[in-house]
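Take a look at the structures listed below.
What follows is a pair of complexes built around chain A, which joins chain B in one and chain C in the other.
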Partner chain A sequence: MIKILKDTPGHLLIEIEISEANLDNSDLFKTQVTELLDRHKKNIVIDFNRVEYIDSSFLGSLVAILKHAMAQKLDVILTAMRPDVYELLLLIRLDKVFKIYGDYQEAASAI
Partner chain B sequence: MSTITKKILLVDDNQLFLKMLSRAFRKAGFECVTAESAADALTLLKTNIPDAVLSDYEMPAMNGLQFREELLADAALMDIPFIFLTHISDNELMVKGLGLQAVDYVLKDTPVNVIVSKLNNIIYTVQKQHELSKNELKRAAEALNVRTIPHSTPYIKGFHIDFWHQPYQDIPGGDFIDFIHADDTHTFVVLGDIMGKKWTAWFFTFSFLSYVRAAVRFGAYSGDYSVASILQKVNEVICLDDVLKDMLSSLSLLMIDTATNQISYSGAGDLPLLHYDAKTSQLKRVSSDGLLLGLFANGNFTEQQISLGNNDRLFIFTDGMTDLSAGSGKKSDYNQFMNSLKPLLNNDHSFESLKNELFESLTGLRVDDCSIIQIRKIS
Partner chain C sequence: METTRKRPRPYKQPTLMTRQFEFITGSDNLTSALKQMLEFINDNLVANVPAINLLFKSKIILTELLTNALKHSFSRYTLVDIAVEDNSIVITKTDHGMPLSLISYANSSENRIPITHDILHTLYAIPEGKDTIRFGCEESTMGDLDAVEKIVEHFGLIIITKAADKFVYHYNVQTKANKFTVTLNF
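The block that comes next holds the complex of A and B.
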């Protein structure tokens, strides 16, 4: 479901390995990323390049993860979103809640 | 029986048997996923939930009983019907397997068509049971008079209201609609969508809707008809509510003032509304600023006025209207929805005909609850 691509002193870079992010996998995603936050105590950069579709259940998990991170003074950063997925986040104003970058390099230099 | 294709996970270390069995199941109309080990099956189950698991007992590394124990330890997997498949006719093993809540036991030398029929019956029984529980819950909700979708549309002088709602797979879900007559001249239109699907989301719609109804009523008593202020109050309470604080919901809140013929609107993480201008035949987005309810104590809700000319229409809808199955996957496409709606509006199609030609014709492709409200200005 998720793969750790990079572990730096300041943050973890993880990739979502599924193309359809939906109700069937949203709980597992929340559990896994929350565990990473608790274990590593680092900001998390999530690479979305493989995700073609995201439903509201998965968005709910994403927001729950962000709230969990913020309670620990950590951040969740989103990168490499496909246009359709990015457009949906814009439509429901989640771009005001998450930091979103075009790719990892951009995100890493901004953190 | 449900017309949805049944999905089955076959687990066996014998490739040849796996091939033969999956061919027979596919021929019988099943969607088949195969794994050559219990470990592979557990990986598959992380992203793919079948209607039933048919697993061999004798496998290297993790055997069928250990595999079953792993599934039982996982709340997301424990309820999938599990059937053991084995060469061994061993009573002790059978007792062990059934002790692990395996639904049935099938010997490998059973003719393949009998195995398929057996699986078909098991899935049918489980679905039937699910259907019965679902109907029980529906009846209980009806008896308690808890309703999150109205029976009918309200009468509002100078406006005509229509709505269409289709729950995903006919199971009540997270969308909720309400029309609240606050007094003679003020009617509130509510459309919300709890993030999540089916029963879990449905359960929370009552709590969200109760807060919205209460905030509207208290606002009206004190002469506060501001939709942004109502949303802010609802949001603050939800952020403090121990049961709801981990739930999120989008909400479009509109207030129709029949004294001024004005509509005020505030949104919380909702999709932009669509305003059809009958004079210019243009369909324009009406966006708001507010964040999803339950996200942060300050939801940044703003309010705007919408003036509808004669025969103008305003559409308020949830993401189920814009998300569809596309090829092998799913797609969320707001613009496509807008583009398919516009020509029908230009040809002055009634809401009934929009429903028939656009909304209901796509039912097979829907992936979520769908709700849409149309407010039309009439002379």
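The block that comes next holds the complex of A and C.
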């Protein structure tokens, strides 16, 4: 489901390894990322490059993860979204609460 | 004085392509069902319409309707009717069972009733007559980001409402049919 690509002093970079981010995997995703937050106590950068489409269940999990992070004074940053996925986040205004960057380099230099 | 008489317009048969899809709740693959539905829409869109935008909106609407069927439907079959017309796409999802609790708003005397509210949106039920509501959505003024913790984690109805030009829910008491009708104009 997720793979840790980089572990730096300030943040973890993880990649979502599925193409369809939906009801079938949203709960597992939430569990795995919140465990990472609890264990590492670091900001998390999520790479979406493999995700072709996303549904409301998965978006709900993303928001739940952000709430969990913010309660620990941590942040969740999103990168490398495909246009359709990004458009959907814009539609429901999640760009107002998530930091979203085009790629990891851009995210790493901003956080 | 010269008078002009309107010439009768030649009657133009409206283009209307419809197809019914049967989605077997719990066993059908959502992705393959979605693909078939989008292919039907794509194949029947008239020329010179913003096809990419319409297909994007159709995709997210159908995804949410089918996901909703998987999550909440108590009936084995969910029917999805798609009509592609000259200037609109109408998607209707029908299943049978208990009505949504929201149907109690249908007979309200208020113009609109808030369903959910957070720092991003307020989602409304707008009474539209007997056992029928229309969904409406307003973007909220962004307040304190500490209020992130109060963001409602259910985005399905908001996605459909914002993507569609019209989104209506009707419950037929006689047939126990829950009918969601989504219209995209172009």
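Keep in mind that, in the parts below, the second predicted complex is superposed on the first by the 111 of 111 C-alpha atoms of A that agree within 3 Å, B and C clash if a C-alpha of one lies under 4 Å from a C-alpha of the other, contacts with A are read in each partner's own complex, and residues count from 1 in each chain.
Following the convention adopted for this analysis, contacts are C-beta pairs under 8 Å (C-beta built on N, C-alpha and C of every residue); 3 or more make two chains touch, one makes a residue touch a chain.
These numbers come from a predicted model, not from an experiment.
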First, second, both or neither for A:Gly60, with chain B first and chain C second = both
Looking at the overlay, what does A:Lys96 touch: chain B (first), chain C (second), both, or neither?
-> both
First (chain B), second (chain C), both or neither: which does A:Asn43 touch?
-> neither
In the overlay, answer first, second, both or neither for which of chain B and chain C A:Glu87 touches.
-> both
Is A:Thr79 contacted by the first partner chain B, the second partner chain C, both or neither?
-> neither
Pick one for A:Met1: touches chain B only (first), chain C only (second), both, or neither.
-> first
Regarding the shared-chain residue A:Ala71, is it in contact with chain B (first), chain C (second), both, or neither?
-> second
Name the contact category of A:Leu28: first (chain B only), second (chain C only), both, or neither.
-> first
Which holds for A:Ile18: it touches chain B only (first), chain C only (second), both, or neither?
-> first
Set of chain A residues, in rising order, touched by both chain B and chain C | 20, 22-23, 53, 55-57, 59-60, 63-64, 67, 84, 87-88, 91-94, 96-97
Listed in rising order, the residues of chain A that touch chain B in the complex are 1, 18-20, 22-25, 27-28, 52-57, 59-60, 63-64, 67, 84-85, 87-88, 91-94, 96-97
As the complex stands, chain C meets chain A at residues 30-31, 56, 59-60, 63-64, 67, 70-71, 119-121, 139, 142, 145, 148-149, 151, 153-156, 158-159, 162-163
So, in the complex, the side of chain B touching chain A is made of residues 46-49, 76, 174, 193, 195-198, 246-248, 250, 269-272, 289-292, 295-296, 300, 319, 323, 329-334, 367-368
For the chain A and chain C complex, residues of the former touching the latter = 20, 22-23, 53, 55-57, 59-61, 63-64, 66-67, 70-71, 84, 87-88, 91-94, 96-97
